[in-house]
Each structure stands twice: as structure tokens, then as C-alpha cells.
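Please read the structure below before turning to the comments.
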Amino acid sequence: MTELLYFTIIGLCIGGGYALVALGISTLFNGTGVLNFAQGDIVMVAALFVAVRTTGGGGYLAGFLEATAVVLVASVLLGLLFVRPAIARRRDIDLIIVGTIGVSTVLANLANNVLGSETYRLTSPVTAQAIRLESFSISFDYIAILLAAGLLMAAFFVFYKRTDIGLQMRAMSADVDAARLSGVQIARLTVVGWVFAGIVGVFAGVLLGTVLLVSASMGVALTISGFAAAMIGGLRHPYGAVVGGVIIGLAENYAAGYLNTATRQAIAPLIIMAVLLVLPQGILAGRGIKARVV
Amino acid sequence: MSDDSTRLPAALELTGFSAYHGSVAAANDVSFRVERGSAVGVLGPNGAGKSTLLLAAAGFVRTTGGLSIAGQVADRLSPARRRRLGLAMVPQERAAVLELSVAENLRLSWLTGRRATPYEQARESVLEIFPALAGRLGDPAGNLSGGQRQMLAVSRGLMATCDVLLLDEPTAGLSPKLISELVQAIRTLNERGITVLLVEQNFSVVERTCSYIHVLNGGRIVWHGPTTGIDRDSIGDLYSGARRTRPPAPRAPDPVGEPRVRTTVDRAVPAGSGEPEGT
Amino acid sequence: MSTVRLSVRDMTVQFGGVVAVAQLSLDVTGGEIVALIGPNGAGKSTAINGLSGFVPVRVATMSLQFDDVVVDLTPLSPQQRSRLGIVRTFQTPRLIPELTVWQNVAMGSVAGDVRRRWFEVFGGPALSRGARDRRDRAVTALAALGLDGLAQDNPGELSLGEQRLVEIARSMVSGARVLLLDEPFAGLSSVEQQRLAAEIDKLRSASVAALLVEHNLELVRSLADTVVALDQGAEFARGDAATVLDSHEVRERYLGEVA
Amino acid sequence: MATARGASPATRQGVHLVEAAAIAAGAIALAAVLGPHEAQIAAMTAIFALAGVGLNILVGYTGLVSLGHVVFFAIGAYGWARLTESSSVGLALLLPILVSLLVAGVIVLVTLRVVGYYFGITTLAIGLLSVVVVQNATPITGGYAGISGIQQIAVPGFVGPGQVLVMAGLVLAVAYYLQSSLRESPLGAAMLATRFDVPASQSLGVSVARVRLLAFMISSVPVTIAGAFLAQLVHYIGPDQMSMETSIRLIAIAIIGGRGWRWAPVLGAVVVVTLPELLRPLAEYRLVFYGVALAFVALFMPRGLNQIVTWAGGRIHALRGSTG
Amino acid sequence: SGEASESGEVLVGVALPFSGAVSRTGNLYRKGIELRLKQAEEAGELGDISVKVDYQDDANNPSEAVPLVTRFAQAGAVAMFGAHSSPVALAQANAVQAAGLPEFVFGASNSIKNPFQYQVNARDSEQIRNVINFAARNNFRRVGLFTDTGAYGTSAKQQLDAILGESDLEIVGSETFEPTASNLAPQLVSLRRKNPDFVAMFSFGTPYAAVVKGKAEIGWNVPIVGNVAAGDIAVGEIAGKDADGLYFMTPLGDDTPASRALAESWAKAYPEDPLTFEGATSYDAMTVLIRALSEGGTSRQAVQEWLSKATAIEGLACGKSPWNLTERAPIKADDLAFRLWKTGETVAV
């Protein structure tokens, strides 16, 4: 019974971790219409940067601030990179996929060359604190992940639904041309979108880095988990990311704890396929905002 | 009032204004003034360059020549800046974000405009003109009928609380009843001092709203004068020989036999863009 | 050979609570032009969507009769209906960006035929001959609408009015039995309108059945044999063009002329 | 009626035929003159170009982005490796193709209602699953150890990798021709239509589902054959070669070449396969450069190398026009 | 094709992962090679032979690694170093044989059987025999297996099942894990249910850190014995005290003159990188190659000839007994010493 409880709590928290990556993906998608295959690498850069700084003597919080600065600069640059394609209507998914994969390759290899190929794990101020459950201990790091996912989700929900910038970004993400003709400043908001994704990436990085191994090559795996979560939930909804993340987190932990690792490896792809077979736009597909045929 | 207006700068003035798709000038050496509070019509056959001209005035197409809005030189400004100077456009295509609700579309337009009146007030006055939209505020714009979309498009133009309104075929797809109402609305706008530049195929609408017209053909102004100076049939004559045949552009000897890749059908090309594929 | 007839009885289309089309019954026969008019949002486009299979409908019967057979349309998908010869245009033109204008038009005469022309995939004489035929037909149709100068262009480079004409040309080469035209004249210049009207008029002699949705009542008057007027989904007038267009209801409900 | 400019369909067919012959001749000539290492790189390029044909059709014509085409690569490679152990070469080529067609069909049926990014991610999931299968189906795939000592088709007159180069070059030429014909054929037009506008396609009588099915199945064939050639060239096949990166490489070839352009697979493969070899002097910055190239082309040159070629062609045309 | 040139310059190829996840290991191997070559040059061991080394990145990918073999062969290399992972070695087998190019291989799999490939790490089977030694020493009988689902773990798993199955040990449970997984606690919980005396774990370096962390999280106090890779310094750095109770084996003794000398020169050359078995094995392999070149000759055939007959090579840092390359995998179970992690440092046991 305790085992089950433990798997559930850890599954929820790890799911929160997937959700953090997925939130970065879905916020950029909702804000700019770009599906980012480099989100995991943004997370990686943040985590690795903090890791290198903390082993170099800086504290966790100092590292966090520095990583934020680094990622912000990188996000602005990335945003600028995506302005031209957005305005020139290069929104074809194949171009975006290959373009962001290119970005991911660059980030991963640059990080490897510049920050090094060592592996780390972050220690946060709350790492030592833990909830005890018989022999099990659940570090506050895990709890922090779940909390952060929930808070960021709420923040983005409010941002997109309630604010005017959020409205303009949704317009841009749905139809750049119509948005542009409406006077939306595509360039500026594209950068804003990437900056948001970068900020979520920093949070994801510094939090996830405390529970998994940090290295320059961790990005792709994170991106894939993030996608799985975002797709299962439905890309359009910030809470979709959390729902999807938690589903995968739980499923993986139960599969690993009660079945075997092959099942665990297969479970996320299988869930994606099963969900999209029944609900092609994810669980939270919502009302059909697809334009009717006229 | 009308005496003053000649001394005031024109609400919109084009001088030697040309607009380009790639290297082809779709509007060529166009010059005219639109006085404050008046409505001027732009007519012409299909493909004459009317939409290009409006898009260019609003800053979405690469141009040469001069453009000023209320006396302020604007030909280098971004579309957003022009909009905040009080120039709003109702485009022919992509006039609304179909995925957003009707209300959100209205708000979006208000946001990027001048915000001269509070949002609620602006919305109420627009919905008075198009009551059919009032019941649909929460629906995605994509669910509207063709004519309802057209109403939304015009409403969005009005939401920008502009001084100069560029309307690209606002009556296309509207029922006769709504056309009359729109005509009335344009007159009201003029009375409030708002300037309208109207592209239309429907001559009777132009007749009922515009004091002056320019006829565009092949990108050039082929006739202009007061509306009273021309009738429906002689307009038709000005349209003849209209169809542009594109001069064979200096392209590669078409090694592919495949058209150049374009991914969407619309044509909002950024001002001053040096797109590599803009051949 | 019997004439073509598209018949529908009691067609209702509902979106959530909105009844877009209510109990519409129509017969469109070969050689005849039926016009569907009504205020914005009356349900005209939705009726075309229902007939061409793009929205689910509730209907008593919906069938196409030709060559002495009657085909029940209700279970058929849009593409199946198109292959039967029910061809439509859209209120906002829909062209394929990566094909040239003439290729777009040529699509009209071939697409339904893909299965019968699969062997062209291997190239060779069959493809050459087929492609040449299709191109010639496309260019003829474009010329009839005065568009031959644009044949080699990309649809993205056309003005909206030109795009609409290309789409109509595409429907014209399709060898359709029934044409459903959604506001084909909207946005066309008076010159183009006359030219297009002449082409539509020719459909009569080709025994095509045409359903025309249009707001321009002068054109409706000159083209339509029968006019059906809708408001809020429901029919409120029907008859020959002159009668309906001059009727009190139409003047009040549609033209907004208060009697 | 000849107002429409551009070469006639028949001429274009002729051009494609000549170009296909040139590809075959080029491969044979390269096999004859290149040293073993260069021949190996050339063969690798030809193999990826062949696979690229499949993706060019899928991405370039129908706009479907598959991140799981490595499945077919694996079917071709493992099929060849296992079947040549016991049965004939013909069977080793044909059976995997049939299996691929079947798998493609199932994938399409499963993903029929899924569009856009969701389709991409679903196929990514399929690709990931296939890796799990490859790793765990040890009796068939050899698990992580893979299969080594794989046979190759002997081509008289050539040695070593040159033989694979000749074979892959010939198959590539055929695939190239069919791909180009497909683009001109009604089916090709139907594919393009579904890529851009589903309602328009339906109104033209095109069944989106059927076109998707056909396109996916057609695109799986060259990838399967390429897998078999890869197994022959490397004489070894293992899960490391069947990763998601391979799927991405295949798409990158089509995009960099200029999706939908008939030369995209060949030129794209040169950039994606040959160029990294030439970039070896950049040492650890090689992949950074590769990533930059990917991002740059995708974001700023949506027509890929086609854009450069058309531009250069126009230049030459203009120069010739002005001087003579 | 071309062999050693007249001028006495010989080419040696190195194909190792210098990019991607395992680039750190690749670079450690490279450092060992570079250090040994520099020493040989300074000491004049090579006479008038000058050795040129061509380092190329194989990205740990078979499809990239095989063309590198042809590349080296065509350029006239006399020998090569390569294959961090066993699949790469297996993929290269055909090509090295076709080119007659002897290769020093760092992969540990028992399936590597090509006469031109010389494994210089302890094979899986030898490491596993050493696990049996470990159990015997500690009187353990019930063993739980924990292997990764990657290339190394899966091939080791087969050997573990076979070799331990025939021993006195009882395999009470067997779990696998993804090296990239974020949390390994569920598998460890499963393994704990079987109540083993100790866990035998085979994986490449860093996952050990995640595993010992997971072990601490579930509050399980069981000894783990790992393969050579468990000595990866990252384990101590990451896991710190949590790594206590993790044993690993290493061919790098600390009591032979050769290993002491290497430790000293390594510390001088690379103060930032502690000496690990990777650096030591590639260092030793380079020693062997230098001997082959100076004693056997500077042609590819001569080197292969020398290597294929090499017995009792002494003075190496790795292994207690002299190397016999004739067995193509010279490090045996008895050559492997155990060490234990303790508060982030390793101590001999």
C-alpha cells in the first residue's frame, strides 16, 4: 500500500516535470504557433548552466539568476530568428519541425562544447528536506516541481485568456496574416513568446535538474516527454500539459514498479497513439474552433 | 467647414505612389488626395491593383513614392505605426482571425487601434450598425456565414477608432439590405469627420457614398473625377482590355516545370521585405 | 437519356441550437438554373454544404438522378458526390497554392478520375497524352473567362476576383452534372460579371443542373428559372424570378424596403 | 491553345528520363573512379537520397510529416539481413517491401483523423515504439548487438562499396523518375491538393484518406529498399542506426533539398550525408554547423536548395541574355 | 593500398565519440593515447618512426564509424583505435577485416570475435566472473540483477544470466532501467521485494549515480557491485554520500610500478581529470602499439602479425598479469581489483 502511494506521489511529481517541459512547448505554441523541438534543450541549457556554476562555487540561487539571464538572452535571439519566418508565413509544420530541430542540435552541441560533457545533479536549498513514508523519502524537490507546474499553468491560463497581450498572441498563433493585418506587432510578440518559453525552461531546468541527471545530451529525451504530455492533453490548453504530464508520469511509474522497463519505455508512445486515435486533438480538444467550410 | 478643409492637410495623400509584388508594380505611379471627412472611391476591373494599393497604403506591401496621413509623412512607417496614426484597413482577405470569437476579434482590433473611445462604447456603436453580430459575440468568427464575416470585417475596421478607413470591397457578399445600411454607415462616418477610401465593384454603392472616384486599370489611374462625371456604362468601358498578362519574368529556364512554392494563398507581404523567394 | 435531377426533401441542418437550414426541399433539373437567395446567414451556403456533403444533415431523401438511375446521396462523402458529378464552388475561393493556375483548373477535370488514371504515375505516353488533353481543356476554360494570360501563374499571385474566376473555371471543366455555385459574382467587376453570366447561361444548353446562390438580384433575374428565398433557414418564397423578386416578402425581408 | 507557357508534358517527361539516366550513369562513373572511402560515402549518400525520395513524396507532395519513417528503414535493413541468411535475394528485397506496405497501411488507418503536428508526434511515437521493438525482439533483430556479417549483392566489375553505390544509384534513378512522373500525374496533383486544402480536395472528388494511404505506402517503399542497401553497405545493422535521428535526417533531406522539388532527395542527401564528412576538419563544431544549416534552410530558405538553383539559373539566364 | 611511407611516418587512426552523450569517455581515451605517445616521443622509444594520429568523431554511431575504417585504411593507417561501444565494434568488424587493419577496441562485449579486433578492456564475461569472486568473498548467495536497456546493459545481461546461472549464486530478481529515466525508484522497489543479498549492476558510468540516489530515496541499504564503469568520477561527484556501498572493479591497480608511474604522469599532464580505467587502457593500448611498431615493423601486415602473436606483454598499468593479445582480450577476472565508493571518494577493498 505504501508502495502504491509512493509510486503515485512520485508519478505525480515526475508528471509535473514532464508538464513543465510541456508548458514551455504549449506556451510557445499558443503564443506564436511554433511547435518547439528545442524546448528540452532550453531546459538543458538552464540546468547545465546552473550545474556548472554551482560546482564552480556559485550558489543555487545565484546560478538560477545567471541561468535566467543566459536563457533570456538566448530566447530573445531565438525569437528574433523566428520573426522573419513568421512574417513570411513559413508556418509549414515540416519547416518548423526541421528548423527547431536544427536549433536543438545547435544548443546541444554548443552546450557540450562550451559547458562540457560532464554529468551533474543539482542540489537545491530544499533537497535535504523530505517527506518520510516508512522507508521511502520524498524530497521537497519533487514537491516543488509539482507546485511549479501548477502555478505556471495557472499563470499562463490567466495570461492568455485574460490579458490583451495574450489575446494578440493567440491571434498571431492562429493566423499570422490576419493578426498582422489587424495591427498585431508580430516581431515583438514573437520575441515575447520565446522569452516566456525561455522562462518556463529555466524553471523546468533548475527544478528538474534536482531530480535527474543533468548533461548536455539530456535535451532530446526531455523534449519527447514534453511532447507526449502536451499532445495527450491537447496543445491548445495550458492545463492540457499538466493533465498529459501527470498521466504519463503515473503510467510510467506504475509500469516500471509493477511491470517492466520495456513496458515503461513503450507506455508513453502507446498512450499517445491510443489517445490520438480516439481524440485526434488530445484529451482537452475543446469546442471545434476549426473554421467551417464556406 | 468645407472651406477650412482645403487649407488643412489632406487626410490621406499619395504622390507618385507605386506598390510592388516582387519586381512587378501592381500599382503604378498613383497620386491623389483624400480630404478629411470625405469618401473617395477606387474602382477598377479585377486584378487592377486596387487591393494592392490599399495594402500598400496600410504598409503591408513594398512601395515607392510618397504617402502622408493627415500631413504626416508615413511611407516608411510600420503598419502598426500607421494604424496608430489613425489609418485602419478592412482587407479583402483574412479580415478576421477565424479561430477567435467575434468579441475577441473586435477587442483585438480596438487594442491595436487608437483607442480613442473606450472599448465598450466603441463596441456598442458598431453593433448598432450590425445588430446581427450582437447575438454571436461568443461564437468563433469561423462559424459565421460569409456575409456575417464581412460584417465583422467592417466592424473591426470601425473598432480601430480611426481617422481614415480603407475599405476593400466591403459589400461583397452582403445582402442588399445590409448594403443600404452600410452606405448609411459610411455617410455617418463622413459626418463624424472620418475619411473613407472605398474600393468597390458595386457602382451604385460608390454613387451613393463617394463624391470623387479614381478608376484604376493595370495599376494606373485611367480616369478620375467627381462621381457625377461618369455613369455605370462608361465605367465599364474603362475596364476593357483589363486583363494583365504578366511579362515573362526573367526566371530560370523553368528547369522544373513546377511553380514556385507558395504556401498560403494570401498576399500580405511585409513592407520593404527583401524576401529571397519574391521572384 | 433522361435528364439530370438533384432532389432533396426536408433537409435540416442544425449547429447546436442554431437551425441553419430548416426543412428545405429542392429539385434542380438539367438545363435549369435555380437561384437561392436570402439575407446574410439565411442558410444558403449551408444548404450547398448539405447538398455537397460537407455538413451532416437530417433529410427525408436526397438523391441524384441521371442516366435512368437514382443514387441516394445521404450516405455519400463529399468526394463521392463530386465523383458523381455534383461539383461546387466556395464562397471564399479555394485554390491549390503549389499548382499553377492551369494545373488548378486541370485538377477539375481529373481529380475524380485518379483511380482510373493511376497508370499515369509511371509516366510515358499515357501521362503525356492525358496531361496535354487536360491542359488544353483548362486553357480553353480559362480563355472563356478571359484568364488565359494567367494560366502559368501561381494562384497566390492573383487578385481575389481572379481567384474566384479560376475556381469557377475549374468547376466548369469538371464535366459536372450538377453545379453548386456559391456567390460566383461577388467581387467581380461588371465586365467580368457579364462574361461569367454568359458562361453560366451556356450551362443550360449543356444540360447541366445549376444551383446559384447570389445576392446580386439583377443577375439572378436575368439567369434564374426558379428562385427560392430563404430566411433563417426556412423557405419563404418560391417561383419564377420575376414573381419572387418582386414579391412583397422579398422586398421587405431581403431588400429591407419597408412597404 | 498553346498560350500556356512552359514545356509540354511530353518534353518534361523526356527531361526526367534523361536526368534519371544521368543519375545512374553518375553513380556508375563514381563507383569506377572513387577510392573505397569516397565510394562508401557516395554510396551512403545514394542510399539516403533513395530514402529521401520517399520523404520527398510524403512531405513535399502531401505535406504529411512523418517522424517515424525509420520503421521502414528498419524493416528493409533487418529484413535483408535475416532473409539473406536463408532465402534468396529476391525474397529478401520483396518481402520487406510487402511488410512495409502493410505497416504503412496500418499506421495510416490508426492516424487517419490525426492532422498536422499531431500526426508528426504520433509518427514520432511509432518511431520510438519501433526502436523498443527492435531492441527487444532479440531473436529477429539480434537486440542491441544487432546483426553483423550481412551479405551484399555482388556487382561484377566493381569492388567493395562501389558495388552498393552502383546498385543504389540504379534504384535511385528509377525512383527519381517515378517520383517526377508522380508529380505530373493526377495522383500527384491530388496529393498536392490534400496538402493544402482538404475541403477543396474533397470538392474535386479526391478522397483525402485514400491519398494519404497511398502516399504513405508509396513513400515507405524507397525507404525500405534504402534500409536494405544500408545493411549491405555497412554489413551490420543495429538499433543505434534506427534512432529518431535517422527519421529526422530523412526529413531534413527533403526540406534542405526543397520539399517537393524533384532534385530535393539527391541534393538534400549531399548536404545531409556528404557535407558532414567534408566538415570533419571542424571537429567538435561539425554538428553545430550542421544544426545551423538545418535551422537556416528551414527558416530562411523554405524552398531549400531549389531556391539557390533557381536563383543561379536566373543569373546565368540573365547574363547570357545580356551578353549574347 | 598504401602502407607506411618511406619517410618513416606512420598513420594511426582513432575513431571515438567526441560528440554527444559519451563524448567525455571518448576524450578520456584520447588523453591516454596522447599522453603515451608524447612520452614515447620524448624518450625516443620510436627511433626514427614518427607516428601521426588522426582523431575522428564517430558519434558512437555504427553508420558513421564504418566509413571511418575505410577512411583510415585508404589513408594508409597501420592500425586504429576505436569503438567505445560494442555495436560499433561489431559494425566495424567487416571493414577492418577487409582492409586488414588491426583495431584496438574498447568495447566489452563477448560477441566481438574478429581476428583484427583486439579488446583491451575486460570483457563482460570476465567482469561477471569477478562478480562471483565478490560474492564468494562476502558470502553472498542471493543476487539481484540491474542492467540498463542500452547497448552495454543488454549485452551484459545475457552474459550475466548465462554465467551466474551456472554459478552457485541464485538470481532472485532481475530488473532493467532506461539510462535516461528520471526516476529509478520503481524498479529498485521491485528488486527489493526479492530481497537479494547484493545487487550486480552493469551499465555505463553516470546511471550509477541515479541508481544510488534512487536507492537512498527508497531507503534500501544493499551493497551494489558494478562493472568497471561504476568508477566514473561523476558517480562520486553527483551522488556523494549516497554512493556509499557501491563497489566497482577496475583493471587499474594501484600497487604496480607501471600504474603508479602512470598516475603520476597523468596527474601532471591532466590535473583537472582524475585517472580512470579509460585513460589507463588507451594508454596501455598505445604502449602495445608502440612496441608493435618498433619490434614488428611499420606496415599494416607487420603490426597485425606482431599483435596476433603477442604474449606476455609486461609493464602495463592495467591488469595484474602480463597481457596475452593472442586471446584478443587480455584482461581477466583476476586482473580486476575492487574498489568502494565512500563519501564521494573511492577506496580499495
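Should a chain be cited, it is by its letter among A, B, C, D and E, assigned in written order, with residues numbered from 1 in that chain.
As a convention for this text, contacts are C-beta pairs under 8 Å (C-beta built on N, C-alpha and C of every residue); 3 or more make two chains touch, one makes a residue touch a chain.
On a predicted model such as this, the values are computed, not experimentally measured, just so you know.
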(request) Would you pick out the chains that touch chain A and also touch chain C? (result) B, D
(message) Per the definition at the top, count C-beta pairs in contact and tell me whether A-E or B-C has more.
(response) B-C
(request) Could you give the separation in Å between the centres of chain A and chain D, each centre being the mean of its C-alpha atoms? (result) 31
(request) Could you give the separation in Å between the centres of chain C and chain D, each centre being the mean of its C-alpha atoms? (result) 40
(message) Measuring centre to centre with CA averages, how many angstrom lie between chain B and chain E?
(response) 72
(message) Touching at least two other chains at once: which residues of chain B meet that condition?
(response) 143, 145-146, 258, 260-261, 263-264, 266
(request) Two or more other chains in contact with one residue: find those residues in chain A. (result) 88, 90, 92, 109, 112, 262, 265, 293-294
(message) Quick check on chain D: which residues sit in contact with 2+ other chains?
(response) 5-6, 135, 184, 196, 199, 260, 284, 287, 300, 302
(message) Per the contact definition, I'd like the list of chain A residues that touch chain E in the complex.
(response) 3, 6-7, 10, 14, 17, 55, 109, 112, 116-121, 134-139, 208, 211-213, 215, 217-218, 221, 253-254, 256-258, 260-262, 264-265
(message) Which residues of chain A touch chain B once you look at their complex with the stated criterion?
(response) 87-92, 164, 167-168, 170-171, 174-175, 177-185, 287, 289-292, 294
(request) Could you pull out which chain E residues touch chain D in their complex? (result) 1, 18-19, 23, 55-57, 59-63, 66-67, 70-71, 73-75, 85-88, 90-95, 98, 109, 111, 149-151, 154-155
(request) Note which residues of chain C are touching chain B in the complex, please. (result) 15, 38-42, 44-46, 91-93, 95, 97-100, 103, 146-147, 149-150, 152-163, 165, 182-183, 186-192, 215, 217, 254-256
(request) Could you please specify the touching residues of chain C with respect to chain D in the complex? (result) 52-54, 77-80, 82-83, 87-88, 90, 94-100, 102-103, 106-108, 110-114, 117-118, 120-125, 127-128, 130-132, 135-136, 139-140, 143, 148-149, 151-152, 170, 174
